[in-house]
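The structure under discussion appears below in the form of structure tokens.
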Amino acid sequence: MRDVLEAVAAGSISVDEAEAQLAGYLTGEVGRFDTARERRRGIPEGILADGKTPAEVAALADTALRTTEHAIVTRTTDDHRAAIREHLGEEHPDAAVDVRERSGVVIVHGPDYAPPAVDATVGVVAAGTADAAVAGEAAAVLEEIGVGVERIHDVGVANLTRITDRIPELRTVDVLIVAAGREGALPTVVAGLVDVPVIGVPVSCGYGHGADGEAALAGILQSCTILSVVNIDAGFVAGAQAGLIARAIAAARTDT
Amino acid sequence: MRDVLEAVAAGSISVDEAEAQLAGYLTGEVGRFDTARERRRGIPEGILADGKTPAEVAALADTALRTTEHAIVTRTTDDHRAAIREHLGEEHPDAAVDVRERSGVVIVHGPDYAPPAVDATVGVVAAGTADAAVAGEAAAVLEEIGVGVERIHDVGVANLTRITDRIPELRTVDVLIVAAGREGALPTVVAGLVDVPVIGVPVSCGYGHGADGEAALAGILQSCTILSVVNIDAGFVAGAQAGLIARAIAAARTDT
Amino acid sequence: MRDVLEAVAAGSISVDEAEAQLAGYLTGEVGRFDTARERRRGIPEGILADGKTPAEVAALADTALRTTEHAIVTRTTDDHRAAIREHLGEEHPDAAVDVRERSGVVIVHGPDYAPPAVDATVGVVAAGTADAAVAGEAAAVLEEIGVGVERIHDVGVANLTRITDRIPELRTVDVLIVAAGREGALPTVVAGLVDVPVIGVPVSCGYGHGADGEAALAGILQSCTILSVVNIDAGFVAGAQAGLIARAIAAARTDT
Amino acid sequence: MRDVLEAVAAGSISVDEAEAQLAGYLTGEVGRFDTARERRRGIPEGILADGKTPAEVAALADTALRTTEHAIVTRTTDDHRAAIREHLGEEHPDAAVDVRERSGVVIVHGPDYAPPAVDATVGVVAAGTADAAVAGEAAAVLEEIGVGVERIHDVGVANLTRITDRIPELRTVDVLIVAAGREGALPTVVAGLVDVPVIGVPVSCGYGHGADGEAALAGILQSCTILSVVNIDAGFVAGAQAGLIARAIAAARTDT
Amino acid sequence: MRDVLEAVAAGSISVDEAEAQLAGYLTGEVGRFDTARERRRGIPEGILADGKTPAEVAALADTALRTTEHAIVTRTTDDHRAAIREHLGEEHPDAAVDVRERSGVVIVHGPDYAPPAVDATVGVVAAGTADAAVAGEAAAVLEEIGVGVERIHDVGVANLTRITDRIPELRTVDVLIVAAGREGALPTVVAGLVDVPVIGVPVSCGYGHGADGEAALAGILQSCTILSVVNIDAGFVAGAQAGLIARAIAAARTDT
Amino acid sequence: MRDVLEAVAAGSISVDEAEAQLAGYLTGEVGRFDTARERRRGIPEGILADGKTPAEVAALADTALRTTEHAIVTRTTDDHRAAIREHLGEEHPDAAVDVRERSGVVIVHGPDYAPPAVDATVGVVAAGTADAAVAGEAAAVLEEIGVGVERIHDVGVANLTRITDRIPELRTVDVLIVAAGREGALPTVVAGLVDVPVIGVPVSCGYGHGADGEAALAGILQSCTILSVVNIDAGFVAGAQAGLIARAIAAARTDT
Amino acid sequence: MRDVLEAVAAGSISVDEAEAQLAGYLTGEVGRFDTARERRRGIPEGILADGKTPAEVAALADTALRTTEHAIVTRTTDDHRAAIREHLGEEHPDAAVDVRERSGVVIVHGPDYAPPAVDATVGVVAAGTADAAVAGEAAAVLEEIGVGVERIHDVGVANLTRITDRIPELRTVDVLIVAAGREGALPTVVAGLVDVPVIGVPVSCGYGHGADGEAALAGILQSCTILSVVNIDAGFVAGAQAGLIARAIAAARTDT
Amino acid sequence: MRDVLEAVAAGSISVDEAEAQLAGYLTGEVGRFDTARERRRGIPEGILADGKTPAEVAALADTALRTTEHAIVTRTTDDHRAAIREHLGEEHPDAAVDVRERSGVVIVHGPDYAPPAVDATVGVVAAGTADAAVAGEAAAVLEEIGVGVERIHDVGVANLTRITDRIPELRTVDVLIVAAGREGALPTVVAGLVDVPVIGVPVSCGYGHGADGEAALAGILQSCTILSVVNIDAGFVAGAQAGLIARAIAAARTDT
């Protein structure tokens, strides 16, 4: 901070510049969707549709599109998706709206959107259909970050060959996201087989004691291997965290 | 019931006999340690030392020894074990007192105790030292039931070869008990590899969210394989339940 | 594993055979519905309709039917059942579709389905209407396994004669499944009356503290008798576990 | 209230009397141990030793003795008991101090204490040693209330004959208190056998999921019979509530 | 039991009679709705509509009416009530069907129903509209038992005069039921003002931490006064338990 | 109390007056909506629509309007709002009905309503759209109390400049209410920046572990700064508590 | 912020001054014990002894004493207190060390400490001995803030006259802190009787369901009156929050 | 797998080699401490002392030292540390034993231990003394991995300047671990200020609702920023996970 102030005192930077830098001293963000920060950090800000009205979600997608040339909306219902399609169809007829019903994600790209390319790959592992929505959310944010995504499906602990058959794939990525419902054992078994960072995502499914992803969350937290975890169903957060790691790796690759 | 009553009416059985039979109509048990029932059912009644004074535990062991020729005491502390040793040393100098410090189990055999022999084998699987006490409790009750016991140690999900190397052992027993602390994934993985009934026993260990065996219990209940479960640390119950199954199998073997 | 490798080296088995055996070294399963494993193990893989779309469920039932000649679908809604009926009516007009509305179970048998016959009987005990769905799910899987099923209804702890009147039935089966909602005392009382393995199934019902089956689950885990337990409402798992035990008993009967 | 005020206005009662009566309008109690209320209501105020220093407990027992001629102290440790003995030995050498180590209760009677006699009987049912402390606390307060107490021991649900053999005793009392640890099924079974009010007391014991009396509490609340319940280990409250009921019955007997 | 057997042996009673008596040795109940037991015990068996189909509920009401001349159905929805009305209108056109929408209770009296009259009164206290349904359920069962019911409304702890103004009413009844949502303080305050047994009923209402009646339940269990409690919203159980107490008091009044 | 009684005895006040004063000795309130108390205390009694029928809510609003000249209804649905509009439109055509859909609050002012003016300001801070309803409820009750309200929106911990830019506003109010969902960190950060009392309001939103406001509640309770808290979503209570503080400050300003 | 920067650019303030002001823009605090902030805000920073070694606590008390002329240490054990006494006796022989064993609080005043005087009074209400420690902690911090403290003891909901007799005291203070264990009803009853802000403090005591202050916390959060709350046993926080309110009132009194 | 088998069949590799490779097909690990895997993966296997006897811990440290030339033991007590010192002093007098009492970690380096050097830096952020043990555990494992460690102390959310002053340090590392007790807000605030991956570690401390790290865990899971998390107090896991990420970054740096 002192440097900036001395520069102001010396007249070598203007008050405007100093104000901007000191604001940046904190985070450099201004407004809801901050192009500067997204460009620097590489992680798009998602719009969580859950709990918002269709109109609100459409308006936020519009703003994101105007300010960052793309938008990523998660946990949409049919109503949200209809509102986004209608609103953007009118306001941004040249935008590409990619609706993924399975995962509830909507991706919008403006005509001038230049997708980033990050030289690193993240594997997204899921056992069954219940995990697909969460894995799809993680994959969507990774794609927007520009990271290579390797989807690895139908991998479950009840049948080890389904896991061991996939070891080559598991071992060629830079980071792994493993979605797991029920007893949440899959991230533990996978982390024992690879040497890269693994992020577990508990998935809410099932019934009875420990349902809603709570057994899976507790199991991943108690794992006897090296794992970190995000909240239940938080596919977006898992994707963004894996994306930050992948970007750091890619930057190291590029820097040299 | 009617048969008994008609026999009484007909005078073909005495009132005493009828009373005994009608009591048996319910369960046939009398008193704290019931030789008749234990003989018929094959499962010894355990003495849970936890929450009782050393003197109480020693007295109960004495009674069990007198009525059933053996005693099995679980969750003993040093004080309980000292009291049992001293009391039985005086009262039953010819009894064999087998103290197992690791699992906290004490087994006492009277001089005339004829150990049963059940033609079936139960595998008791444990991952690490934390699970040893629980597995030891299960093994002890199985031994008293007369079932063959196969101990399978150092089997953990973080390293699959430690499991797959043991598949031959896992596949030669009639029933499996799998003790599991932390995330409780081991019973699920084992049950996917075998065709016999598997009983999971959650083990209290670790720290943080899901500790004290709660994550393991929830995980086993949520398992995507076929498992039944007993309460956290309930090695005795797991052993007795596996023993009931093993006895039924052995009886079928013998009957024919 | 070494044996297989030495055989390959010696040329006594082909690479194909070795690959198959080594895969089998792990579990021997391939694909979603594995005829080989089901034949060996005897337990059908159920299709849990809950959380899947009607179209997904119908497609899975179709696959199961094609690969294993039968299908068992649980927790179906009206929509699931309609989709199964319509889809299989078109694709498999000669299949027998057995819809059980009470328990939400759908059983499909292909024209060439040869039902297994296992020489053992499992008793399925339920107190009231709330438990019927869970008990029905357990009975359905037992029937597909080929085990004899004895349904014992209207047995509750509030009126002991309703239990004691059924003791003869309770004592003639090889294994018992006891479904119990509310306070979950029934498995404990039944286990005190019989000498065979008893599996408790907590049932979600009622209101207030301990509702949704949590009181029943905790009560069965804390039971002062010998019981194992499955998750709340997990009738399928209870049936499959009892089926594994019954098959082991039947195999012992047959072997000799 | 108006009557009192009019009497004051009319001068027919003094201001002092009116103040006393209006205070009584609310509860009639004054001070920590209120002889007037205890006499009217018949329920002694207990001194909970848990969480107080030995000196505090001894002082409270002293005060109770002075004001109500007796004292009942619950949940005492050895230190509490020593302090009570020493302090009362000096201050009230003619008081009778009855120390019950099993239940942790201390009863003190002054030399002029006239025990009440209530023409009603309460049964106190307990399964095992773990329940004895709680049942002892309930019995102690009932004795001080003057109610007849019938102790019914060694009654458990795992063996129905132990219950049915006691039906005559269970059916001759006016009210029943049933202490129950573990799965808490005993109050439900007992309430199905009798026609009098039954109060369940969950007992903290055991280990694993549902321990510390929580499974028993939830089970009694979920009971399919008619029961009311007090908090876990609250033997004193159960005794006092049963005492209020017994006194009401006795009063009805006497009134006529 | 011996007496009965000796009588059989002596031929003084028939086998049929003996069988009936020995069944009665246990509980004397036969079938779903047992006139004998209800007559002896005075508590009608309620039909819990929640979780049953309208047709099931109507059929159970029909059976209750046929066997006991009346029926009490709780937690009915509009659909349940319509089914009861329609079914009983056809089958029992002369029965009186009393539908209480507020509390969801339906009472049916056959033409020959002779309402019992119990010489005792129970007060039913409620704070607000949220508690009215639960209090109405309690009152309904008390009316069927034949006990006098005193409804005391609009009594809340936030304004003490609303309580103290009702003290005369609170003090003239034999037993009190106090329904309490939110923080559940009302039963504690009321129990401090009266000398009769008080039964607290937690009521599910409100939002946030401790909602659904859990704060009220915990508060009543932790009360510093003498209270027993039933489960959240269990108005029927509270009414039946209060009815058992009131009947005992009334019997004592009559006996003399 | 004695003073009143002596005055009655002396005849200096009438019995009626004494009765009124002694009732007032307790709280001075009579009836559901007490003008006297609201005038003295300044906090309107809110009508919680949640859990009441539209007709009940409209009737309560009518009563409030008649007795206190205004009404504040919270947590209304569309149906509640329609019923209020219709009912009051007929009964009170000259009342001003202010419907706020976002926060679910309805404010009604009678034609003679004189809004109070309290010389103090409360800041109401909210992060996002999810918190708006709760913040709106707090603001509404503050407006009715007559306190100045400063709304401070879009303040979140993920971007500190959004907080630090608002410090001047945060520092000019007398009391702060901070609504916070998710991890509930905002009240802690704000309380570290100001010197006035801060009341945190956890907001129910989000999904996964700690959802429904429970993480935010626990976080505010565990805060390392000085905060008090109200229940999850309890905007009304937060507003009323802040209003009591603001009124005390304003009274101190005015008194001098 | 811009103002400061413009002043720097204009040379009207030095870089050092600007840096200090911009730091102050955030909070103005530097170091562990900040005299500037404490002077401005009036709330001392407490030292929580719980979880720290005696040596650490003594060192922190020493630092507080040096920088702010006084220290307030909470939750001390005998060892902490001995370490403070010994260390400060050596280092600060002229400091006054006030040890309060009941509440575990230690207050240290340096020889030049000038106690503040705030023209406002806070009432601290407690029911029994269990609440005394928490109430003592609140009172201690209030004394250091300089606020008048009115202790109101032995006030409980089980006996309303003990509350109503204290109404005059309750009504003469500016703010109320009410400590409440068990069912936590006292803050609700008190808040119904006064017009000033009431802060509830749940107290951990008792046993069984809802113990450790959880029932009291839930009850205060669910209260049907206007209350805010702090965490269980958080007497310091309650005192500091009440002190902030009292200081605001006193400032308003003084300002005019 | 096929490739290996074909090579065996072709005789191009020996059976021994094939066996080794196929074992490696799974994980390549053998035994408790696997030099091969640790060398490849770079993460040492920690010895958790908690729950093991001093002798067991010393023996495990000995084994680790023999097989991997170093050992890292966590959560040691004084007894564990004494046993390690004594045992290794005898067996490995030339080993360097580094005991860190604050964090409970013991590091042992054999004389030939060649510490790895990983070209990446991890920042370890902690707020206060309570977090120091957890942060120390994370730092210890990072040091053994060979990663640069930047300790950043005394950073708390209650005073933002303490955070903003450290922004330069926070922004120069490759990965951040943020330990946080109480309300757990620190990881959220830090993650808003940086562009690198942040791993939160909840710390067990404090008292009341949400204590033992549960509030912090829920808060980090609910964070509105991008974070992953490990279990409460799991400093070792956080360090190992950050080490995996740092190694991947360093490898990318080196590769090019």
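Here the chain labels run A, B, C, D, E, F, G and H in written order, and each chain numbers its own residues starting at 1.
Methods note: a residue touches a chain if its C-beta (ideal position, glycine included) is under 8 Å from a C-beta of that chain, and two chains touch if they have at least 3 such contacts.
Since we're looking at a predicted model, the values are computed, not measured.
*Asks:* In the chain contact graph, what is the shortest path length, in steps, from chain B to chain G?
*Replies:* The distance in steps between these two chains is 2.
*Asks:* Which chains lie in contact with each of chain C and chain F?
*Replies:* Looking at chain F and chain C together, the chains touching each of them are A, D, E, H.
*Asks:* Tell me which of C-H and A-B has more C-beta pairs in contact.
*Replies:* A-B
*Asks:* At the interface of chain D with chain G, does the proportion of residue numbers present on both copies reach over half, so same, or stay under half, so different?
*Replies:* Different, since under half the interface numbering is common to both chains.
*Asks:* Can you work out the whole-Å distance between the CA centroids of chain A and chain F?
*Replies:* The computed centroid separation for chain A versus chain F comes out at 39 Å.
*Asks:* Roughly how far is chain B from chain C, centre to centre by C-alpha average, rounded to an integer in Å?
*Replies:* Taking the mean C-alpha position of each chain, the two centres sit 25 Å apart.
*Asks:* With chain centres defined as C-alpha means, what is the inter-centre distance between chain A and chain G in Å?
*Replies:* Inter-chain centre distance comes to 43 Å.
*Asks:* Would you kindly tell me how far, in whole Å, the mean C-alpha position of chain F lies from that of chain B?
*Replies:* 60
*Asks:* List, in ascending order, every residue of chain H touching at least 2 other chains.
*Replies:* In chain H, the residues touching two or more other chains are 26-27, 159-160, 164, 192-193, 208-210, 214, 217, 221-222, 231-232, 234.
*Asks:* So, with touch as defined above, which chain pairs make the list?
*Replies:* The complete list of chain pairs in contact reads A-B, A-C, A-F, A-G, A-H, B-C, B-D, B-E, B-H, C-D, C-E, C-H, D-E, D-F, D-G, E-F, E-G, F-G, F-H, G-H.
*Asks:* For chain A, which residues are in contact with chain C within the complex?
*Replies:* So the residues of chain A in touch with chain C come to 129-130, 154, 159-162, 164, 205, 207-210.
*Asks:* Flag every residue of chain H that touches chain F in the complex, lowest number first.
*Replies:* By the definition above, chain H touches chain F via 127, 156-160, 163-164, 182-185, 188-189, 191-193, 206, 208-211, 214-225.
*Asks:* Quick check on the complex: what are the chain E residues that touch chain C?
*Replies:* 23, 26-27, 29-30, 50-52, 56, 202, 204, 213-214, 217, 231-234
*Asks:* Can you list the residues on chain C that touch chain B in the complex?
*Replies:* Contact set of chain C toward chain B: 25-27, 40-43, 164, 167, 174-175, 192-193, 195-197, 199, 217, 221-222, 226-232, 234, 237-238, 240-241, 244-245, 248-250, 252-256.
*Asks:* Which residues, counting only chain H, touch chain C once they are in their complex?
*Replies:* Going by the criterion above, the answer is residues 1-2, 5-6, 8-9, 11, 15, 18-19, 22.
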